[in-house]
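Below you'll find a set of structures to go through.
Same chain, two partners: chain A is paired with chain B first, then with chain C.
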Partner chain A sequence: MISPSLFVTELLNGLTLGVLYLLIAAGLSVIFGMTDIINFAHGALYMLGAYLGLSVIGVTGSFWLALLIAPILVGVVGAVMERLTLHHIYDRDPLYHIILTFGAMLMITEGVKYVWGPQPQQFSTPAILAGTATMEMSMLSISYPIYKLFLIAAGVGVALLVWGLFKFTDFGLIVRAGAQNPGTVRLLGIDVSNYFTLVFALGAALAGAAGVLAAPFLSVSPSMGDSILIVAFITVVVGGLGSFRGSVVAAILIGLVESLGNLLVPELTGFSVYLLMIAVLLVRPQGLLGEYKVRQASTKVSFDEVIPPVRVTSKTGLAAIAVLMLVPLGIGIVWSSYYVGLLSLIFVWALLALSLDIVMGYMGLLSFGHAAFWGVGAYVTVLTTVHYTDLFPVALLLAAVTCGVIAWGIGALSIRLTGVYFAMITLAFAELFHQIGVTWSEVTGGANGLIMPIPQMFGINLGDTVVFYYLTLAILVGTYALSVRILDSPFGRVVKAIRESERRTASLGYDTNKFKRRAFALSGTIGGIAGSLFAGYQWFVSPETLHWVVSGDAVIAMMLGGMGTLFGPMIGAAVFIGISEGLSAYIPGWRFLLGLFLVLIVMFAPRGIASLPRVISKSTGDARSRLFGDSDEIDIADYEQTAAKEGENE
Partner chain B sequence: MAEKRNTECGSSPRRRDVLKATAAAGTTGLVGVTGCLTNEGSDGDTVTVGWLYPHTGPYSGLAEYQEQGAKLAIEQLNDSDDIDIEIEGLHEDTQADPQTARQIARRYVENENVDVVCGTISSAAGSAVQSYTEQRNVPFFPDIAADEITMDSCTRNTFRYETRASQTATAAASWAVENFGTDIWVHNADYLWGNSVASAWKSQAKSANGNVNIEGETTSELGATDFSTYISQMSDSDADWVVTGLNGGDAVQFLKQANSHGLKDEMTIVSPVNSFQFIRRAAPEASVGTYSAVRYFEGYDSPENEEFVDLYTDRWDQPPDNFAHVSWTHMFMYAHAVDSADSADPDDVIDELPSIDFTSPMGPTQFRDCDHQAVRPYNVGEIVEPDQHDWPSIDVMRTVSAEDTMLPCEETGCNF
Partner chain C sequence: MTILETENLTKKYGNLVAVDDVELSVSAGEIRSIIGPNGAGKSTLFDLITGMQPPTDGRIRFDGTDITGMASHKIAQRGMSRSFQITDVFGGLTALENVQVAAQVDDSRRSSMLRDADGLSEVHGKAMDVLADIGLDDRPHQRASDFAYGDRRKLEIGLAVANDPKLLLLDEPTAGMGSEDTNSTMQMVQRLAADRDFTVLLIEHDLEIVMNVSDRITVLQDGGVIAEGPPEAIQDDETVQEAYLGGVFS
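After this line comes the complex of A and B, so read on.
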């Protein structure tokens, strides 16, 4: 039996959380509303606000000054960030903005660690707001921290301010007009691009303010922005992208669902928010108060240049395979077996990046949930080898089939969404699997994961580094060759046509949703194979394999290498794992460099490493490099390129 | 210049040597530095220790002490005349992530040829590394407290001076029932160690007193930041005391929020770990007046501890915390074993370790033969107003002898 006092207290808890989410989501929503940018650095800016607040208090001793100065400083950081990078690439696909802000997030986080240290810091509650307020009524007896009541009031105040700013000032008028039609505003003699910078700075400042306000209540650490960023995304999506009112409603709703859900159905703790988001997206894809149509076109992936995949049987392909075949011979002479093992890890990641490229690069659907296939593949493999058979290939097959089915299911539910909405719903599904991994301890081993016996195959010990190396290499080459073949088939051509214009493809009589589901299932199957091999590499699986960070890493690897090329993402995976492994042992702040690298790639070589030869040869005035891509494919490539341009103009 | 430290060939070159060789080749124009640069490390002079620290994530506040304790021990051992071995330490951040920890362990073993792997703090990372080191037969000294690692899933290569969660419960749960009452709320972070704490405290409390009533149980995610909803539920119950299976940042957050909600006025807060200096420093006001099992305490009264605290404070400008003393003790016990076995061969060291008698800052200790868990005494105390330092001190109230906290060998479920 829940007492009325407890219920009211939990309502207040939910409200506090909701206000906190609102403060963060407000900035995110403001930025997206104007610029269509999904700012992944938002959590980092929130964290930066808390740290700057800490320093202002250290110098002045005043919480109120911190609440004023820190957001301004964060706003300045946001403005500089926008001017140096985003300002120049607004015309690009939102995917690039995501990667760029992701890079910025890494840089800010590492910067904070460098300045303030990696340890959590203590931010004490200002004396005037310390203590608890007590209320006694007939049935109610509540005592509640004053600071949290202040937080609720402050949140409402900030929300009103922002709303007023957009509703009643000239600034708000211009920004709203700019969001609707920047061209017209420009015609009126207003330099919209300056307003973009201002809006970004405003959003950043809001994040900074949220950081300072949250600091006395939550602790201050470099990772404080990570988990809250995802909730902020969910808030914005549930509320409706770009709708400020929607964010307000969604934030409060999510806060209440979390705290009351915890009280009433503790079994669903951790699931509730994602279930809410999936439900909203399925019933009202545009979010509670959002408008879907306006945003649809803004989140489409298309290319102005088509780079055809390298064929396995081409000279480049065969040479690469031959070199890789020889690598294990160097063990003990040139390198240790560890590096051969590392290469097989790279192959496994390459498979994941390849699977992602099929849906993103070829079909134009932003998937932010490939961790689901990676993780489920790994779990199925471990569970199969632990409970049923020690034959690794059986486990691998089972993992592939399971993930294919799951991908088909997710596809069936969510494929009518596009762009950011699709990214968010796949993220939500992946997080559901993550929660299952963490919560269903009896089967998954919970947060501790599961240990698997060393994989075997017909008496061959796959725990041997060299054997496992050849296995992964063979599977990688086979999968790659098959993927190239499939994407070159009539099926593949329809998939590519969907990327360029789903409407035109549909008007030709194709059931585009059917093709999208199938391509997604194919991608999930390959993702599952990758996950299965990862388990075979680690002999171990834990819920981290299902964490959204894996999805993020896969997107980064794919972007780094060059999406829509199949071979590019594999190179990207190699570079990504290489950087992570190589730098992490030597350079403490290596993630800063990774972030910088991402930013530079997006700015100067947006098609990734695969396009580098072309970028370089273009800038030196040489003829088009023939290093990558096959010359006999060029006709089709040119044709596709023209089609791509047409699709863009549409 | 790349120097051949050992002439034994056949194994892989170590990366640092390769780098040195490359650098040398680069500066002097020397080419073709190949062949054998290998230092097997295991035949007497130099041993290599691979340390794993969770510098990122919920344990980041604990990792600093862990690393300082390890480094101090290595420096002391290298300067020592009593122990005739050189120790080379490798130190890396696992981000408290099991996959990363395992990958680093793999590199340590396969590329750096380490003789021993230590650390992790995170029990999930610890169990991931444990199974790998078992396969490669490398001694492993985890500083995690989850029960399993020296119970059901014990392995021959794993040695633990750090407490088993149930040992702390044995020392403290019956005492808490006696002093605070029989109505208990149990809250824990949902992972290996947190669950160990919850089940051990429940069963120990129940076996101490038949009237014990578990008023409620809640679990939060590892790394949770907002505990308000759990605190409100505790506050609404009739529990006399609450035991929290929370560590690191989670414990600090819980204490601070419990304090601001006024939970301390309504019930007693008891924890297996809040005695950690990190937690007392991070949540000073919030931790005063709560009770905790004491694994280590910088003010603990023993000559060994005084010496340790002095050395540590000289070196790092702050007194040690629990994980500093665990790292330090693990390092010394391992070095003694290598020294008296006169070999760093894994099998020799593993056979030798249970015979090492060592007096740690917290008293005499030894690894048991049957499960490689260290036998050592435990304490319970109250966290009180600052005394020697700026942060709260501990009033040690009860010491439980080593024998009384140990589960009989037959009951551990350990079978190598």
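After this line comes the complex of A and C, so read on.
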């Protein structure tokens, strides 16, 4: 029996959480409303706010000054971030914006670790708000921290302030008009682009304020922004993208579901929020109060140039395979077996990046949840070999099928929602699996993970570095060849047509959702194979494999290499693993560089490494065409040679 | 035989009635034009018929079936095709690939993952025929986005005819074209309709063209039908002249 006092306490806890979510989601929603950008750096800005607050208190000793100054500083950081990067690429597809803000998130997180250190820090409650308030009534006897009551009041105050700002001021009017139609506002003589910066600063400042407010009752750590970002995404999805009222309702609802849910159904602790999201997606995909109307053009990915995948049977493809097949022969002579093992790891990551490219580069759907396939693939493999059979191929197959089915299911739930929605929802689903990996310890081993027997089949030891190398190489080449085939098939044509214009494809008579689900299932299957091989690589699995960092890394690898090319992401995976293995030992903040790299790629080379040969040959093209005449022919030949070289460098 | 029929077709956005109680009956084989001033509800009417928006009220029958509320791709599968006012072709695909995507929709292997898309010989042949019909067969492997505007407009129509429609809805096919291109495009539409034996529902602003190509004309104003008949009758209709033509023909 739950006592009324406990119930009311949990109700208040729910409200506290809800207000916090509201502050985060409000900033996200404000930025999205004006710019159509989902800011993946929002959680990092929130975390930065908490740390800046800590420092302001350290200098001035005043919580109130911190609450004033830290959000302003975060706002400035937001403005600078917008001015330097997003400001110049608003005309691009929003998926690039998402990836860019993801890079910014890495940079902010690493920057904070560098300045304040990676350990969690204490943020003391201001004296005036310390202690508890007690209330005694006939049936109720509650004592509740004053600070949390203050947080609820402050949150409501900030929300009202934002609402008033948009409703009653000229600034609000211009921003609302600009969100509807920037062109018209510009014609009225107002420089809208400055307002984009201001709105971004405002959203960032809101995140910063939330950070300072949350700091006294949550611990301050560099990862504090991660979980809250995901809840904020869920809030926005549940409330309806672009609806401020929706965000308010959803934030409070989620806060209550979380606290009361834990009280009433403790078995679902950690899952209730995800279940709420799934329920809303099933019943009202546009969100509780939202009308789903992301601008038509905003869900369209188009490339300036088509870079066809290098065929396995082409000279370049065969040469690359031949070189890679010879690599193990050099063990002990040219290099040690460590590098052969590293190459296997690269092949496994190449598979993951390839699987992501199929949905992102060819269908225009950005998945931020490929960690789910990577991790589930790994877990299924380990569990199968531990409990059922020591035949590794059986485990691999099972992992592939399981992930295909899971991807199909996620697709069935969320694929109706394109673009920005899809990125958020896949992230949330992956986090759900991460949660399962951590909590369901009887099966998954919890945070400790599971050890797997050395992979083998029919007496062949697949754990041997060289054998495993050839196994992964064979699977990679096979999967790549199959993917090239599939994207050239009637199915692949339709998938590409959907990327170019979903509306048009539907009007020709295609059930585009069906094609999208299938392509996502295909991608999930390949992701599962990659995860399975990863388990085979390290003979071990832990919830790390399900962490969103994996999804982010896969996106980085894909972008680095060049999306929409199939071979590009594989090169990207090689570079990515090379950087992480090479730099992580020497530079503690190497992820900062990774973030910077990602931002620069989005800004200046959106097609990544795969496009570099063309970019270079374009700039030297004049001289060449004078020498050889037909420049087009030479470009392609030159490009294939360079690709071959890159293959060798792997 | 009636191929398309609407009954009390109505679409409201809040208080605005965009399409108001429209009763339309189109016979198989005719070229029917829908004209009316800007904001008369022409494009919305197209969206309702093709299932891209659900009507607030009323029914739509196409080729003997009630298609009200059906998903747009299902309606398309039944033989209704449309072109868009703002060119919407697959810019990253070649002209041939564009038309192939449309032409393979009826093929049983349309969602096969393992075949070569270019290896479906009937689809390929059909697509090349369409390219020949729209005059782009000399550049089948050029990317759609690299074509000049007029050629992309032709490809827009090519896409819409390549899936063998019974009824083709053309939303201002000559939008933004000069008079020469306009004439040749309309001749092309007439020729395609005759050769490929489909019915045409046409939204067009150029009245001279409308008068030349249409079998019958429906005039919309404020979402409702104010007149319908053969071109001569519409030309002489006083309501139409007053309400819409503003004395152009008088």
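Note that in this section the second predicted complex is superposed on the first by the 611 of 650 C-alpha atoms of A that agree within 3 Å, B and C clash if a C-alpha of one lies under 4 Å from a C-alpha of the other, contacts with A are read in each partner's own complex, and residues count from 1 in each chain.
Going forward, contacts are C-beta pairs under 8 Å (C-beta built on N, C-alpha and C of every residue); 3 or more make two chains touch, one makes a residue touch a chain.
From a predicted model like this one, the values you see are computed outputs, not experimental measurements.
In the superposed pair of complexes, A:13 makes contact with chain B only, with no contact to chain C.
By the touch criterion stated above, A:337 is placed in contact with chain B alone, chain C being left untouched. Using the contact criterion defined above for the overlaid structures, shared-chain residue A:508 touches chain C, although it does not reach chain B. Number of chain A residues touched is higher for B, counting chain B against chain C. In the superposed model, A:120 makes contact with chain B only, not with chain C. Once the two complexes are overlaid on the shared chain, A:499 sits against chain C while remaining clear of chain B.
Within the superposed three-chain model, A:488 lies in touch with chain C and out of touch with chain B [touch as defined at top].
Look at A:448: by the touch rule set out above, it reaches chain B but stays clear of chain C. Note: no residue of chain A belongs to the chain B contact set and to the chain C contact set alike, using the contact criterion stated above. The part of chain B that touches chain A in the complex is made up of residues 10-15, 34, 55-57, 60-61, 64, 92-93, 97-99, 102-103, 106-107, 110-111, 123-124, 127-128, 131-132, 135, 146, 153, 190-192, 195, 218-219, 221-223, 225-226, 228-230, 232-233, 235-236, 249, 252-253, 256-257, 260-262, 282-283. By the touch rule above, chain C contacts chain A in their complex via residues 50, 52, 71-74, 76-77, 81-82, 84, 88-93, 97-98, 100-102, 104-107, 109-118, 120, 123, 143, 145, 159, 163.
Partner chain B is touched in their complex by these residues of chain A: 3, 5-6, 9-10, 13, 16-17, 118-120, 122, 125, 130-132, 143-145, 147-148, 217-219, 221-224, 227, 258-259, 262-263, 266, 269-270, 331-339, 341, 345, 438-439, 441, 446-449, 451, 454, 463, 465, 538-540, 542, 544-545, 581, 584-585. Chain A makes touch with chain C in their complex at residues 302-303, 306, 485-486, 488-494, 496-497, 499-501, 503-512, 514-515, 518, 522.
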